[in-house]
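The structure that follows is given in the form of structure tokens.
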Amino acid sequence: MMGTAATQKAGEENGSAGAPPAAGGPGGFQQRVLGELGRLQGTVTESSVTGPRRMLAKVAPDKIVEVCRLLRDAGFEHLSALTCVDYDSELQVIYLLWSYKDRCLIELRAAISGAEPKIASVTSVWTGAEFHEREAYDMFGVVFEGCPNLKRVLLPDEWSVFPLRKSFKVESIHEKRKRIEAEKAKAAKAAAPAAAPASEPAQPPKQGGTPDGAPAPKGGGAP
Amino acid sequence: MDLYSTMHGLVSWLVNGILGLLEGAGMRGPVMQLVRWMYGALEHAITVAVVVVLILVIGLLMVILMLWIERKLIARLADRRATMLGIMGIGKGTGAIQLFADAIKLLLKEDTTPRKADKYIFAVGPSILVGSSLLVLVAVPMSDGFAASDLKDGLLFAMAVFAFAPFAVFLSGWSANNKYTLMGGMRSATQMISCEIPLLLSIAGVVMLAGSFRLADIVHVQDRTWFILLQPVAFVVYIVAMISEIERIPFDLPEAEAELVEGWQTEYSGMKFAFAMMAGYIRGYIGCAIGVILFFGGWSSPVPAYTVDLPWGGRFSGPVPELWFLVKVLLLFMFLVWVRAGLGRVRVDQIVTIGWKRLLPLAMFNLALTVALMAFSDDIGTSPPVAGAAFVIPAACLTAAFWRWGWFR
Amino acid sequence: MGSEGEGRDAGARPDGAAPDERPGARDGPAEPGEECVPPGPSVILASLDELVDGLVGLVDWGIGLVSVKPLVNRIARPIFGWSQRASIFALHSGLACCAMEMGVVGMPRLDSERLGVAWFSSPRRCDLFLVNGWITKKTRPVLMTLYEQMPEPKWVIAMGECAISGGPWHDSYNVIFGADELLPVDIYIPGCPPRPEALLDALWKLQKKIAREGTRSGLRLG
Amino acid sequence: MTQMWINMGPQHPSTHGLWDLLVRVDGETIMEAQTKIGYLHRGVEKIAENRTIEKFLPLNDRLCYVANSSWTTLFTMAVEDLLEVTPPERAQYIRVVVLELQRIASHLVWLGAYGADMGLLTMILWGWRDREIILDLFSLLTGARIMHNFPRVGGVRNDLPPTFKDRALKAMDYMDQRIPEYEDLCGRSELFAMRTRGIGVLPLEKAISLGCTGPMLRASGLEQDVRKEEPYLVYDRLDFNVPTGQNGDGWDRYTVRLEEIRQSASLVRQALNNMPEGDVMAPGFKMPKVLPAKTIYRRAEDPRGEGAIYLVGDGKTNRPYRLKIRSPTYVHLLAIPFYIKGARMSDVPVIMGGADPCMAEVDR
């Protein structure tokens, strides 16, 4: 369902004035890259050109470091971003590489299992990859073997929850209010009328995904 | 107008008047003899005390005026109007009494001491700073008679006590058990060591020309040519070293907001912070006062003597020397405020470089030229243009040459 | 003589950072094992404290005896109130977008110093704490340390929706909904972000509030 | 001197925001550093998965509180790629005007903070005073000073008010008079050069491998600008040059950003002068009920570097399935420990300020 060939974007310039050196966009360069990726039959499947400056390739997760090194030497020096997308069947790690000379972007996708996500780290190819890998670990729990200090960067260190996984539900302020009223009403009804009214103050605001990692109540994320 | 004699006359008139009244009311017993004897013994001490208090009050009023000028001028240089606190209310005045509001409020603030700090040094630090600054404030005369103490070597005494403050800064910075204040204290010590000697050397040139350490004599020698004309290089060295001594912006490292939060004052709150801030401005006043005495002819005024007889028969004579002195101090201070608005802050190693490798050689070179100048011209007083030319031209050429070689970079 | 603020946990960092939890990191210069307070002649000086406290008690008792205290209070109260109103020192601490609008208030066009509000960066000398952004769980200890380090008569202004009730981040897992869950807030400024003129108006209202309620002396003279 | 860890942050005059650089100091020289961020992390990417596209638009302004509309424009361009919609010519010109005004305002904030780092208090007052002129233009055009909520998917919210054009041209002339004054205060002052030359030097190949972009990379010598490499909106029809530095120190970062203010001023003039007539929203465009199942990676030149959005539609609902925001400053702040070794304690604020941190964008 992914990667259908995008139609030509009207706004996208192609041969206008001040065009990059290779006439008609980096077409020649893309063919060369496709050729090299084609040779690695076992590891790279479905490599295609999806736009004047966009390329796509699916890579087997265990060969990711060699492919990245090969592409960097081919001209993709800039690791623009390294992120994950949590599909229900699998967890895709996305590498977005940009080439300064030939002005073209390639998107590598490595599909790993959502249960215990593990993949080799590409910090040996780009030192800057460590930052994106730490964030991916922080948000998705993907363990990058070989990353120098794989620690949480945005969330407090003692958290044990990976917030951007689809399994993690967040409870908005409205649901919390409704839930607290429901509990109060239940407590008031349950307490015998003669006994003193339950004076227990409103339960402290229960935040979905609290640090102790208690499973969030199934409030559902839809506001 | 000799302050001491006037005050002595005033005090004795007051005390004798009271005692006379009491005796008139029939209290002639041995108690009155004891009081008269005590007054006889303490007469000199009481007068000196009154004079010192008067000089301190004038000095502190000048400090308050300078603080107000600094806040307003630095705001004006950035298109901003600072405090507008007036008697009628907030925003309805010129902000002159803003400092009193700050002081009273700081009086009320809770005085916190960090738990693991060295409590007694922490408390004593700012008071040593203010104490040593006030001691020098008393030693600087405002005109011939108008001075608490006119020592034979007043300049030596002033410079000695003036150089004591960085120890207080270092002590309080170290005792506050906080990394920022520790670094602030260290920097203040480094800065003092690197800029103290050029300061004294630049003063040595002036003292040689004047022939005496007494501040009043230095001013009298300058009544025709101000020493800034004869010693331009010494003035440059003096101003740069003095800015680093009183820790103002270009050499503001002990209290650098950017990297050390508030430098050595970070842990002070309430009255101790008020002391620390006030000490900064007292030292600013002293720096400018000594600068004016040494280079801008102290209280000599370009206005020729004149006398005006007032409508009610009194007679008002001559330019008031104290007024001219204070106006010059304020002008020099405004120059410092302008420097603060225009320049950034230097690094610690750059201060040391400037102190040792730029200011010190310049001061030595200026001293050598002064000696040469004095050896040739028997009496500089008589021929200022010749003396000036004989000195200024080589100094200017050499400084330009140094500048061309990029020596200051 | 003010009490020493003994109870205050002032050993934390003045710059408001959370205490350093890295292994082996120690607060203060790292001489191994040497207690920072030099062993002064505590026997004599301790009695100095008692001497000073005794004197203060004596003077207090004397004033109370002569019952001139209410007279002194009636004269001093308006003067202290005026001085606190006329010179509020605000802490220069910006959290998020409202910090940009707070910055503008200190700049030439809307000069907050005309009201006597100066911006300082050390919490030790500020009496106004502006919460101007969303508070996350990681910022909570920082804000609490900063608030604790400020000397006693202090006020808090919650600026912007995020400081009032979490604002647009009402379903975020990391945001605390409102500053009043952490600090006693005196003035709320609605708006996301409120215009700088709104902050000036809040400063003016704070001055009126001080005038109305009078300032509290931080010296705890008893 | 014993070595100790010092916290430069999180509440610290030199951090312009809430982040923390732990620095191991031996005397005055820095031996090692660690960046501690996440104080403003509110999980925008998780929130985006609960919001429809229109509901998420205003939150985009809060992505970076100094350059607000540049992130909203980026998001709307990404959604337009997803839905294959092209905004009309006039809307693209108006977006370029808003982006370039936003760049000037952001660089003025940076210039002020950079001057204040080294004690130049007048610089921050001048910088912010001139930024007010740009904010007046924004409140005239969009009604709000910083949170404009102006771009829409398929165009912009409203057309230029009649008086906007000559007021904007007057503002740009005012900027051209101001820039020489900044150079007098900073560029030509010996002290500024002493504090910035040779400070925080970032060699070119290290900058590329760390992932630095925008002014940080241009200061290191590579002429790289997303507006030239991957022209979007109408940047290919406007001519401007990309300033670069030589050795990537504090001084080059200052010259690059100051020159960018000039370029942006000329870009605003060009865009305003040859702006075609026409409507400002794509004719007859309605947000579809379901986002197509596609992935889009849209890059744009944020004042701080290469900002980008990776947007995944899941074909079932009108909410983004996954929204990844690539923040340039996130990389720059985490890259500081790699090139700060050997600097002095007073240089740390200059190096931290050189990265132009905007914390809402770093922590997302």
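To keep things simple, chains are lettered A, B, C and D as they appear, and every chain counts its residues starting from 1.
Note that a residue touches a chain if its C-beta (ideal position, glycine included) is under 8 Å from a C-beta of that chain, and two chains touch if they have at least 3 such contacts.
Quick caveat, the model's predicted, so the values are computed rather than measured.
Asks: Name whichever of A-C and B-D has more C-beta pairs touching across its two chains.
Replies: B-D
Asks: Once you find the CA centre of chain B and the CA centre of chain D, what distance in Å lies between them?
Replies: The computed centroid separation for chain B versus chain D comes out at 47 Å.
Asks: Measuring from the mean C-alpha position of chain A to the mean C-alpha position of chain C, what distance in angstrom results?
Replies: Whole-Å distance between the two chain centres: 42.
Asks: Nearest whole angstrom, what separates the Cα centre of chain A from the Cα centre of chain D?
Replies: Each chain's C-alpha centroid was found; their separation is 23 Å.
Asks: Taking the mean of the CA coordinates per chain, how far is chain B from chain C in Å?
Replies: About 34 Å separates the centre of chain B from that of chain C.
Asks: Going by the touch rule set out above, which residues of chain A reach two or more other chains?
Replies: 155-156, 163, 168, 170, 172, 221, 223
Asks: Pull out every residue in chain C that's touching 2 or more other chains.
Replies: 13, 15, 28-29, 107-108, 121, 138, 171-174
Asks: List, in ascending order, every residue of chain B touching at least 2 other chains.
Replies: Expected reply: 78-80, 179-180, 257, 261.
Asks: Taking chains as nodes and touches as edges, what kind of graph is this: line, ring, star, complete or other?
Replies: Basically it's none of the tidy shapes, so other.
Asks: With touch defined as at the start, can you tell me which chain C residues reach chain D in the complex?
Replies: Contact set of chain C toward chain D: 13, 15-18, 20, 22, 25, 28-31, 91-97, 99-101, 103-104, 107-109, 121, 123, 133-134, 136, 138-139, 142, 146, 168-169, 171-175, 192-193, 195.
Asks: Which chain A residues qualify as touching chain C in the complex?
Replies: Checking each residue of chain A against chain C gives 155-156, 161, 163, 168, 170-174, 205, 207-209, 211, 221, 223.
Asks: Which stretch or stretches of chain B touch chain C in the complex?
Replies: 71, 75, 78-85, 90-91, 98, 100-106, 108-120, 177-180, 182, 257, 261-262, 265-270, 273
Asks: Please output the residues of chain D touching chain C within their complex, sorted ascending.
Replies: The touching residues are 2-5, 7, 9-13, 16-18, 20, 22, 38-43, 46-47, 50, 58-59, 62, 65-66, 109, 124-125, 128-129, 132, 145-147, 359-360.
Asks: Contact residues on chain C for chain B in the complex?
Replies: 2, 4-6, 8-11, 13-15, 28-29, 36-38, 40, 45, 79-80, 82-87, 107-108, 111, 113-116, 120-122, 124-125, 127, 149, 151-153, 207, 215, 217-220
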